[in-house]
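Quick one: the structure is below, and I'll ask about it shortly.
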Amino acid sequence: MTCIKGIIPPMITPLKGDDELDLEGTSRLVEHMLAGGVHALFLLGTTGEAQSLTYRLRYEFVERVCRQVAGRVPVLVGVTDTSLDESVRLAEHAAKCGAVGVVAAAPYYFAPSQQELIEYYTALADRLPLPLYLYNMPSHVKVFLEPATVKTLADHPNIVGLKDSSANMTYFQTLIYHLGDRADFALYVGPEELTGECVLMGADGGVNGGANLFPELYVAMYDAACKHDIARVRELQRRIMQISTSIYTVGKYGSSYLKGVKCALSLMGICDDYLSYPYRKFRAEERNRIRQALEALGVECVG
Amino acid sequence: MTCIKGIIPPMITPLKGDDELDLEGTSRLVEHMLAGGVHALFLLGTTGEAQSLTYRLRYEFVERVCRQVAGRVPVLVGVTDTSLDESVRLAEHAAKCGAVGVVAAAPYYFAPSQQELIEYYTALADRLPLPLYLYNMPSHVKVFLEPATVKTLADHPNIVGLKDSSANMTYFQTLIYHLGDRADFALYVGPEELTGECVLMGADGGVNGGANLFPELYVAMYDAACKHDIARVRELQRRIMQISTSIYTVGKYGSSYLKGVKCALSLMGICDDYLSYPYRKFRAEERNRIRQALEALGVECVG
Amino acid sequence: MTCIKGIIPPMITPLKGDDELDLEGTSRLVEHMLAGGVHALFLLGTTGEAQSLTYRLRYEFVERVCRQVAGRVPVLVGVTDTSLDESVRLAEHAAKCGAVGVVAAAPYYFAPSQQELIEYYTALADRLPLPLYLYNMPSHVKVFLEPATVKTLADHPNIVGLKDSSANMTYFQTLIYHLGDRADFALYVGPEELTGECVLMGADGGVNGGANLFPELYVAMYDAACKHDIARVRELQRRIMQISTSIYTVGKYGSSYLKGVKCALSLMGICDDYLSYPYRKFRAEERNRIRQALEALGVECVG
Amino acid sequence: MTCIKGIIPPMITPLKGDDELDLEGTSRLVEHMLAGGVHALFLLGTTGEAQSLTYRLRYEFVERVCRQVAGRVPVLVGVTDTSLDESVRLAEHAAKCGAVGVVAAAPYYFAPSQQELIEYYTALADRLPLPLYLYNMPSHVKVFLEPATVKTLADHPNIVGLKDSSANMTYFQTLIYHLGDRADFALYVGPEELTGECVLMGADGGVNGGANLFPELYVAMYDAACKHDIARVRELQRRIMQISTSIYTVGKYGSSYLKGVKCALSLMGICDDYLSYPYRKFRAEERNRIRQALEALGVECVG
């Protein structure tokens, strides 16, 4: 398998209520992103609220999205779990549905040591029916996948890449230094504010939440960075930062980003903004601030 | 419902392998603890490795233990989950099996705000078929249940107590000050090193992992503290600290405590020491150190 | 030297302005605490805003307080610094002024390892003209003095005790277990909410900020705990918790405790409430809340 | 004043012993860096061990380096302190010696709130005789200077820039977005692993510790990034990463970076590797690893 390169949106999970998918929203959102030129989709990540959803709904969502995508782009599925066996079970479902890879952050309740992470990921990769992407997400799982750990794991034949959401660029540069030359191991950056510079410096792409809203913008950033067109990168960066500082920062929640993305998608007429517990969607005042932010970005709101 | 008072061991989950219970060990461990005089059992907590187990096994374990206990003591079941609906589903199963209450730490992936915690726990308690005990576990879930949050939630008719595993006694004293006088709200302390002083100061009991090993010791401590027998409390405290500093500190793992308890139970001939991923049981050298620690405590090892 | 036992208030530093002591307030506060029966004084600790003061003022303050105390109780001086040589220099001044011991938290800029802490404290104790008390203050210095480190350091002939402000009672119980029986090594607890239970369990006293305000209350708690009078301990505990939850929690500052103590002292007519940068004293609204809290405690406000 | 642009090494402080400068080493190191083309010098930063030094030595060091530089490049002086008045006093000395600006991280003992930081930095900038650069250093001072705080402070006429050592590029991109266009406000990045991409994206330069060792390398990186020469940036980046992963990571210390830089300078014959407490210089085995790392970089060792 050659690496996926480019923009891989971590798809939000459109919901109508507890344990109920927004089916039409899901369909519209998939087409919206594919029309924007994204290179793959990533389901059931942090942005997808995976941990808040029932297993039943997670399985349904994977099946429906894979069926709709129908091979037009590769689909990756998040199988992050605290139970290794549940991760494997979901991966087997994803394989049956046609996904091409799975993504797993560290088990996130009892914080493991680096040695325990190596044993865990090795056991997981041994049992998975699909290639595994590591997912470094220290703010949520409390531990870094340290560079030495990643180097060791990168030698496993079924571990094929890493997504880093730490925003710590010294860390990511260390990974690029050690692994950036390997054609069989992909390095993706999570925070969209960093996609430009990361691709310039050798990363393979971005798993950027904003690509749910504006897929063509992040694809354009990826293309400009691949071409080393710095003027264009910096021009696009200003727009990405406008989104980041106006859509993702309403309210004082750790979850402001997630609430903002779903609210904006609702205002754009793409899908419902229902959020699973423990999160709640924005109320009128905060929704108005998102509306104003979208209008300042030149987006017509219909919701 | 009047509060449960006393020692409530957070029962370890005896395993033979991935997704396989140690059935005989489970049976022996239940009888060992009941023979030691414990006042209730708590299944599927942190010590029970709940998050690492498949749902299937969790359901089976609750059913088997409830059947064996057969009402001799009350059984509480941990339903901590990142998905509210999965918590409710497990609680419904626990209710059917005969458990009398459930325990839930905060959702532990995306860290919620205090306001989100209030909404989350309120929604959860509204839907649960059994009374709910809050579980403060900041080292694992990244947030404290702040005293003001607990005070608010304590007014919910279906929220009946709190277990604190923070080891932060300023926090726990604040809860005792605000809620210690309420007969319908229980306060339990997690770390066994603190059971003596907490009960002296007004707590209702201890959810102490060491009571898997030496149930009578923790029951004796509870009794001594209830009687304000300081000399006896300090004598028992020395033994509890000997256990804590010799059994729970082998190796440099965050999980040393869990590995140590399971290893000691295995050496005592009670149950297998298999650990679910990402944890692994102690190897020979560490096992020998646990053996020496048990012998220093006057325990005969059979394993 | 036998250990100091009892209540050792960490004295606030009364200020009139930047780099200007409130001399009359200093004098009144010393007499207020001595009249309340405290067993020693601790100058230039966290509560004393030591790090915010110029060296000039720190030296002046030590000299003035020592002169006024004139041997009526022992005086300890905080020499916590990031520069070992500056700590030694201040200790030499303290010795000349008549202080009987010094107190030092870990250097607090670049976080040291445990091995570095052992080398640092050994070098410091070797050079100090007075006995040294260790000060565990992880929230401010970012590292714990781990029990193994403390055990090693406790063998140094010039290291004679430890004050713990972590509020982590598992930690403190571990120290009591290892060192509580040594007559030549004192263990004091910082948070006043814990003095009762700590003395009951074997600690030598409390370094409690509230003893600036109500010295006799904390002395009474110490006495009751020494006598194992649990009923009295719990009665006094309620009053200590009332102070803690009403005086130290106004505003959402990390420094609410310090602002509250100084504001209350000002309202009680004892000294000025000027705070050194980066802190500022409470304004009218917050001051009114402190006034109400004091009145609820039965204190007549004159300020 | 127009902004300084380029590479501003945070100069290490060459020491011979406690409270004793290595005068010849200081002189050699200054000339080594100036010969390498650096654009300014920054004294008494984190890399300069400022907090570990006596005030006496800090004052002497500023005076000697300023005298030797003699205006060939601008000199900035770190005045980070927990006491505002001590910061002002050192800044007055720096101004007399000919420094052109000062740098201050937040007071680092009691963690201030954002509002307290605004009041603190405003008071500080009001009193300083030289322009002030903010210094974001959350790992050491426990708080971020949040973007909104920086935006507010950037309007103060005497606050002229910020150095960010967080390595959090989402944070730094947010500052570039808000302040990157202001000609009168400079943005520098601390970690040298990020200088290339930061300058590409609009930063004004790097305050890079490695420029003590290899000043011309970091100057070359700055130049290549200014010219948007991506091929050259990535080539230089490999060498910078080789330094970072071999010189700064020996041992498991938080201070490995500092020990490594001083050890390498000693091996290169530039200055002594004495470290002030609580740090100690590398012993033979670690020194050998640094020697091998230098040789792998093609550096001839003389020490």
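A, B, C and D are the chain letters, set down in written order, and residue numbers restart from 1 in every chain.
Operating definition for what follows: a residue touches a chain if its C-beta (ideal position, glycine included) is under 8 Å from a C-beta of that chain, and two chains touch if they have at least 3 such contacts.
If you're wondering where the values come from, they're calculated on a predicted model, not measured in any experiment.
Student: Which chain has its C-alpha centroid farthest away from the centroid of chain B?
Tutor: The chain farthest from chain B, judged by C-alpha centres, is D.
Student: Provide the C-alpha centroid distance between chain B and chain C, rounded to the nearest whole angstrom.
Tutor: Distance between chain centres, rounded to whole Å: 35 Å.
Student: With centres defined as the mean C-alpha position, give me the chain B-chain D separation in Å.
Tutor: Computed value for the inter-centroid distance: 49 Å.
Student: Scan chain B for residues touching two or more other chains and write them down.
Tutor: none
Student: Give the pairs of chains that touch; include all such pairs.
Tutor: Pairs flagged as touching, ordered by label: A-B, A-D, B-C, C-D.
Student: Show which residues of chain D lie in contact with chain C when the two form their complex.
Tutor: These residues of chain D touch chain C: 18-19, 46, 51-55, 82-86, 89, 106-113, 116-117, 119-120, 123-124, 140, 142, 252-255, 258, 276-280.
Student: Which part of chain B faces chain C closely enough to touch in the complex?
Tutor: That would be residues 147, 167-171, 173-174, 176-178, 191, 193-194, 196-198, 200-202, 228, 230, 233-234, 237-238, 241-242, 244-245 of chain B.
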